[in-house]
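Consider the two complexes below, in which chain A is the common component and chain B and chain C are the respective partners.
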Partner chain A sequence: MESKDSPMLKLCDMSLKIGSQNADLMSGVSLSVDRGETLCIVGESGCGKSLTALTIMGLLPPALLRGVRGTMKFDGQSYALDDPTALADIRGRKIGMIFQEPMSSLNPAFQIGDQVAEAWRCHNPGDGRDEALEMLRKVGIPAPELRMNDYPHQLSGGMRQRVMIAMALINNPDLLIADEPTTALDVTIQAQILDLISDLQKSGDMATIMITHDLGVVAELATKVAVMYAGKVVEAGSAEEIFSDPQHPYTIGLMLSLPSLRGPKSRLSTVAGMVPTIETMPHGCRFSTRCPFAQSRCAEVPPLQSVCADHQVACHFAPLDQSLKGVA
Partner chain B sequence: MTVIVEAQDLGKHYPVGGNLLQKGTSLKAVDGVNLKVHAGETFAIVGESGCGKSTLARLLMRLMLPTSGEVIFEGRAIAKLKGAEVRALRKDLQFIFQDPFSSLNPRMTVAQLIAEPLEIHRPNLTAGERRKEVGRLLAEVGLRPSHMDRYPHEFSGGQRQRIGIARALASDPKVVIADEPVSALDVSVQAQVVNLMGDLCDQRGLTLIVIAHDLAVIRHMSDRIAVMYLGRVVETGPTDEVFANPRHPYTRALMSAIPVAEFGATQSRQHLSGEPPSPLAPPSGCSFRTRCPFATEICAQMQPVNETVAPGTEVACHHWRDVSSVSLTIAASATGRSPGAEARFAMYRTALANQDSP
Partner chain C sequence: MLSHILRRLLVAIPTLILISVFIFGLQKLLPGDPVLALAGEDRDPETLNRLRDLYGLNDPIWVQFLSWAKGVLQGDLGTSIRSGIPVSQMIATKLPVTLQLAAMSMVFAIFIGIPAGIISAVRKGTKLDYAANVVALSGLSIPNFWLGIMLILIVSVKFHLLPASGYVPPTEDFWLSMKTMIMPAFVLGTGLAASLMRHTRSSMLTVMRQDYVRTARAKGLREPIVILRHAFRNALTPVVTLIALLFGELIAGAVLTEQVFTIPGFGKMIVDAVFSRDYAVVQGVVLVTAIGFIIMNLLADLAYVLLNPRLRGR
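Presenting the complex of A and B:
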């Protein structure tokens, strides 16, 4: 049995190294999420958000798998992250995943009812048709009895994403991982899908990990946030803390570069430059090459340390407004 | 203000199905669009996928010919132009494409890519002058001129979009049409490109027609805006006016569907149920009525006409008066930022400005 102080999923010190590269693609990533919580992982492309999800699911390609280190504790049991056979047992049954592109993650040659039922058949006896029908109804597919026999190309993008959600949730998982579930959708459809995910999560009392680059989606759904940059968690905490009291220069830069729907229109602030490649990864703080506050001390790796009970930041100068007074 | 590009009752209908004996139906990708774009302004066209915004952009640019109506550029109907006249038009009307990964030829260097429009539109330049011009254009869009002999794959997405912009500017155009110029880019890079396009418009006095689905980006960039739904313009007006008082139910739904990046700021959602109808079989009357919470009988019978509801603002809705009386508010529960965070934001801005200036 899980006790109150061990969360549903705890990812400990995950790192990933490719071949002979001198820097880790991902390093020291620790996350935790409990039932009823939604952890949003935010960051730009290439920061390692999707790799984190694939690692938890045990879906990394063999070439990458060799470089993975770290452990994960799920539902009271420990798993080594480089052991995909152990993870295969819980994948799809206890952990469901929604992929980004509903267009390319459904098989075009099979009817959707069959594809949803397959997720059931993999882990349960029976053909799963009834369960699939029930699930398709639950995710809001109109006339599911008829739609079950449709092929993916007959559905719109929003409907396809609903089918993906049905597949992920048919085994009533304890943890749902959603990798950019609405990025390919229009805003009005995105709003529908976000509502659906949050309703289903509440009714199933799942833990959810949502991966996104959209801070608006984060503000809407998250209870916890982890901001990632270049394969590291740079800031983590409760959603309220992160939005009301952001501390890491990267988080601040991200928030300032968002154009707003309200208030005065000023010139957008930016994060100068671009994400370093693995060959040019700086040795200390990985954000130091783009940080407007970078100093000589940033050549050391800043540890992820707590600034208050529910908030950790990996920056030598946090909180900036106190430690850098008069410098900037 | 002079009108530089104008669409008059513009339509693009594609024949679908049908055979020798039977007439097919037509897909109205763009239908009865009237627009006026003024010289020097940034005009935005917004809408969801499949609403016809990209088709409209290609019609305005004469990349395709309309099946009805006219596009007028500087007083001339561009559909009738031929040969050399079209080439002259291309010099004045340029296009920035959406996907910086597929719109640049991977086998050409950046210098070749940018020199190509120069060779066509300014043939009297010598090779040396052309190279110098390429360097100047690269510097203008914030890239190092010394990188001109590199290939597109050596650049990141944001840099490639800058190359695309430099190509569009090479012929010194009067109007640039940008089709989703930043939607493929990450937030921080997106902000860099939005700023760059704003600066270029100011410095060169460009007229920019920008197409996007991201309303926040649009609000930031544009002076006037047209909202499209299923091939028709449903609301048009000055950007600030449309954002402050959206009057068409679709515009309001679009705005309230956008998640706001503030904790606790859930908007009073007007969720649209269902999905856009197929453009092959649009609903009778108002095409939005199947998803509209305000729809009544009249909406099924009559197509609404554009009504001027405020200076420069037109709305195509039978019920815009009822719609605009319902207020669209953002819940006051937004937590806002702590004073410490505000101080940090200010420091970031100052530090960034100090970095830029020397």
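Presenting the complex of A and C:
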């Protein structure tokens, strides 16, 4: 048995390489999250947030699975990331996931009540109808005893996402992964769904990974933050640390553009320049093509290092207060 | 839903009229004379003319058509000029034969084609997938009559395992009926299995990329359930449509196979009728086949609606 203080989920040094490409799509990603915590993963589109989530679920498509390295510890058990067969046992039961695409994530051929009940059925005895009904009520579906006979196309996007939440939480998972659960929804609905998730989370004792573009959401929900850039974690730590003392130039860029991020559907694109593609990936620091502080040293890969107890940064010049003198 | 069916049936009426007119006209263009074929040795012009009068063959073509159509509306498809038997009665004895053959072929096609399609989609890019595709392509390119003759030579002539030809109604002797029909059904079925397999495969490949299949896996469902309940259920629509259409084709398209196995079905009947210029029989068979086609099309439509919750209740 593991010692009590090891976190619920620990992702260790995950990397992902596609075929013969020379740069890793994802490289050295490590994360951890414990009961009662909400880890927010932030980063621009395409930086590997969804791939990280799918890896934890063991749901990578076969073509990508071949290139995955790393291990994961969940609830005291170790898992090899390239072999998701062992994960099949905890998927849906101990880890629930809500996806980015509520409109297409429900099966159009089955009634929603049945789809939620199925999530119960495949891990528990009984047909799960009562549990599904209860869960649909909990996530705020009006008249659930009627609505559970509806097909997905009869529901709005917000309602469908509620159904997805019901499905993800029906087995009382230890970990909930929410991959941009509101990106595809109307602004008015977004807040409702986020409130719902945080309410449900508080009522249980889950660990939560919330993937988002929205630093406003991070400020509201996060207890821990991981900032990702181009397939790497560039800064991680407690939410207070990250917000009060951001160290990585990329994080700082995001923070500086925060006011404009309060608007609807901001895509964190206010840092000047573009994310390098896998073909144009710089050898050293992956942010060096956009970094205002880039120096010759940045041609070497900066390791993720602790700047204080609850705060790691992958930049040669962290902690900043010392190195800013050098730049000035 | 009901209005949808009614609308389709209404459209079917002009279709049937058009087909009848077309076939009627085409037959009159055919060289050859039914009366000559009928009269045999007796070539006395007087007799021939009397026969023509008797069968209304001296009337203008549109009169002939109208009198035929009038009969059809009263449920009378006319009489075979050769055998003197009412066409409807001939059809009533031949149609079950062909339907049995078509149904058994379809069973073969479904039980070979659909599993093969699912497996090659799930195992896409593996040796199994390639093997299935090669077999399917062979199934499509080997002519049915050749396969039929080969089977007869090997299974019946050499090893005496199954009867080579003939037909026994299942009501008479069920097992013997199955035995005589199994080879021709296999021959017809393999060709269909190939196209069913290709359709199932491509439909499955599309569906398996969908987000809801990922959701099914995320619930923790086992892979066979993900594939059969969540993916295949949604891949079914085009496959079922194809089955209905293929079945319609089978009714008319079994001609060669019926010839090879000398099965007294619809296909053989239509060939015999064309050769002997037995107009009423040809007309009747074409009409019934067309109706069969339209019914299968309608069933395909219905299946489409029933399989899609989005379209149900409209």
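Methods note: the second predicted complex is superposed on the first by the 308 of 328 C-alpha atoms of A that agree within 3 Å, B and C clash if a C-alpha of one lies under 4 Å from a C-alpha of the other, contacts with A are read in each partner's own complex, and residues count from 1 in each chain.
We take it that a contact is a pair of C-beta atoms (placed from the backbone, for glycine too) under 8 Å apart; a residue touches a chain by one contact, two chains touch by 3 or more.
These figures come from a predicted structure and were not determined experimentally.
In the superposition on chain A, A:153 makes contact with chain C only, not with chain B.
In the superposition on chain A, A:272 makes contact with chain B only, while chain C stays out of contact range. When the shared chain is aligned, no partner comes close enough to touch A:310: not chain B, not chain C.
After overlaying the two complexes on the shared chain, residue contacts for A:122 are found with chain C alone; chain B is out of touch. In the superposed model, A:319 lies in contact with chain B only, and not with chain C. Once the two structures are superposed, chain B and chain C can be ranked by residues of chain A touched, with B on top. Residues of chain A that lie in the contact sets of both chain B and chain C are absent, per the superposition on chain A.
Chain A contributes residues 44-45, 156-159, 186-192, 194-195, 213-220, 239-240, 242-247, 249, 252-262, 265, 267-272, 274, 292-293, 319-322, 324, 328 to its touches with chain B in the complex.
Of all residues in chain B, those touching chain A in their complex are 48-49, 156, 158-159, 186-192, 194-195, 198, 213, 215-217, 219-220, 243, 253-255, 257-266, 269, 271-273, 275, 330, 335-338, 340-341, 343-345, 347-352, 354-355. Contact residues on chain A toward chain C in their complex (touch as defined above): 57, 59, 88-93, 96-97, 99, 101, 104-110, 118-119, 122-123, 151, 153, 164, 167-168. Residues of chain C that touch chain A in their complex: 210-212, 214-222, 225, 230, 233-234, 307-310.
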